[in-house]
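Chain nomenclature is as follows: A, B and C, assigned in order of appearance, with residue numbering initiated at 1 for each chain independently.
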């Protein structure tokens, strides 16, 4: 490839313009389950970005020598090994958070985002470019996770990273926590709202209508 | 341990994989635009989950669990950290095998949902089924019931969403909500509805 | 004339990707390198993980002890510290031949565990160790406090806790949750002091001797119940079953009866 890759664009595109979660519909599974608090959301974001970048670099390094017949399983094995190592590190140094994340760190293995990027990008680009793209996508994913995590923790418990931002009525304050924020449906509503907001700001992301209303050829009766 | 019927209901409704546990959402949202693809996905999920969870139970109990190697004189061997790789390998192999079997013996069924089968190798929900089985220390019968129950729950949820989204083709939605946005909000409302199942009494 | 390349590695890389040799060698290399990476990481990190778990457990025991109202006064009054002993769960007496240090090695032997049948396995454990390390506080000749480690299956996984019982062996003095995998904000609230504050003073058995302890669905009704957590019914039931198992005949039951008879 003779064209110079625009590194800055590769890094920042996935933040809003090509956000993996809100536009490409990748990586949603683990995204919503861990957003009940900012601490778990941050840990998950960092873990995923690390796995994404490392696997992109490794697969990009060996990209010319992966036989087609075992392509998918080789990628999965590499990602799975990285995930196991990260999981062991978390269990050793961040035991409480690791317990709160339970199986969702292991699920990074089948995260559509990781495999999607290795299939689509890392296999066809040089290691450094692949790393930049992976980092960008990881940051885009982290952005969505942190926004939703912040809203859910703030309105569900009045806390941010465990610090009581809104004093709760139980403790003599004024804030009654919104219990719904800690349950599953709120994550869906928030993500839907976030997608709506982004697409209203950037109309080029709006999906095309499936059926166009028929053109009026007669005046309405 | 709860009895098997309660476990089935638990897996299908209370712990519904896409709606309560956020598992398998990528394919859930991507394939729910049409009821045909939604139903196909549901059937494929049930089949693969019903086979891989018990299979992974056998492998976990026989090779990976702490103390599993006691018959060979090595009771302190704990290979549970390899479960992730083992499960993924088993799932990939099962999906491949299932596809070949269907192609050979039931070609019409294979044609009906053949394209979804390879997709399921990298489905979070299928791997999650096996990981939950380890976490919750299920027995063999419970693994089968849990796998089938989770699959049925997934099928119900994705079928419902497919039906609703087809109706929405003629709806006049705000531009920003079209497609992905409304799918999320719909899933949220369905999740709210399924949340009421949490009060289902379990036998003890 | 091109000389044949004698370097086997470069010869391998030059093969077309689809050749059988290359496929097998690539598969083998990927598998071995990944296996080495994973096993290496696990072996290196396992000691740190166990050390961290032990340190956490110790902090929780200390926190529980300090958190019990009047505990520090009790300690200074009786001039005592917490003493610890390994007991044999079958007969409720101090285990002979097993010390606190040798407990880990003893429990690594599967013959020192008892398998539980479905009728007795209230806490979903599958099996139960035959020896356990407990903590005692003596005031003079009598035992004023007993700390019992308990474990059971919650909603998301294992729950480990330490239960503090008063000298009458029927009233709870406090509870500390040392580890759990419950949903943060819902079942996970069992680790909050506000919920644990419902435990002191709760009784276990009624006059006829039946175990009546339970975590209520909502508000506690009666001296044998603790307030439940909204939305965490299954976690609450897990705690109820855990305590009922360990305070029953298959858990610390023999020990409790031994203490009541004054054999300690």
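Operating definition for what follows: contacts are C-beta pairs under 8 Å (C-beta built on N, C-alpha and C of every residue); 3 or more make two chains touch, one makes a residue touch a chain.
The structure presented is a predicted model; accordingly, all values stated were derived computationally and were not measured.
*Asks:* Common contacts of subunit A and subunit B?
*Replies:* Joint contacts, listed by label: C.
*Asks:* When I count C-beta pairs in contact, which pair ends up with more: A-C or B-C?
*Replies:* A-C
*Asks:* Greatest Cα-centroid separation from subunit A: which chain?
*Replies:* Result for the farthest chain: C.
*Asks:* Could you grab the centroid distance between subunit A and subunit B? Build each centroid from C-alpha atoms only and quote it in angstrom.
*Replies:* Roughly 21 Å, centre to centre.
*Asks:* Quick check: how many Å separate the C-alpha centres of subunit A and subunit C?
*Replies:* The computed centroid separation for subunit A versus subunit C comes out at 34 Å.
*Asks:* Report, in whole Å, the distance between the mean C-alpha point of subunit B and the mean C-alpha point of subunit C.
*Replies:* Inter-chain centre distance comes to 30 Å.
*Asks:* Quick one: which residues in subunit B touch 2 or more of the other chains?
*Replies:* 81-82, 85, 135
*Asks:* Two-or-more-chain contact residues of subunit C, please, as numbers and ranges.
*Replies:* 34, 38, 42, 156-157, 181, 231
*Asks:* Which subunit A residues sit where two or more other chains touch them?
*Replies:* 77, 80-81, 84, 88, 102, 183
*Asks:* Taking the complex as given, what residues does subunit B use to touch subunit A?
*Replies:* 19-26, 29-30, 81-82, 84-85, 88-89, 92, 121-128, 131-132, 135, 169-170, 174-185, 187-189, 191-192, 195
*Asks:* Note which residues of subunit C are touching subunit B in the complex, please.
*Replies:* 34, 38, 42, 108-110, 118, 121, 124, 126, 153, 156-157, 181, 231, 233-234, 237
*Asks:* Of all residues in subunit C, which touch subunit A in the complex?
*Replies:* 13, 17-18, 22-23, 26-27, 30-31, 34-35, 37-38, 41-42, 45, 48-49, 52-53, 56, 156-157, 179-181, 183-186, 188, 194, 230-231
*Asks:* Applying the document's contact rule, which stretches of subunit A touch subunit C when the two form their complex?
*Replies:* Residues of subunit A touching subunit C: 36-37, 40, 64-70, 74, 77-78, 80-81, 84-85, 88-89, 91-93, 95, 99-100, 102, 156-157, 170, 179, 182-183.
*Asks:* Quick check: in the complex, which residue numbers of subunit B touch subunit C?
*Replies:* 1, 67, 70, 75-76, 81-82, 85, 135-137, 198-199, 202, 204
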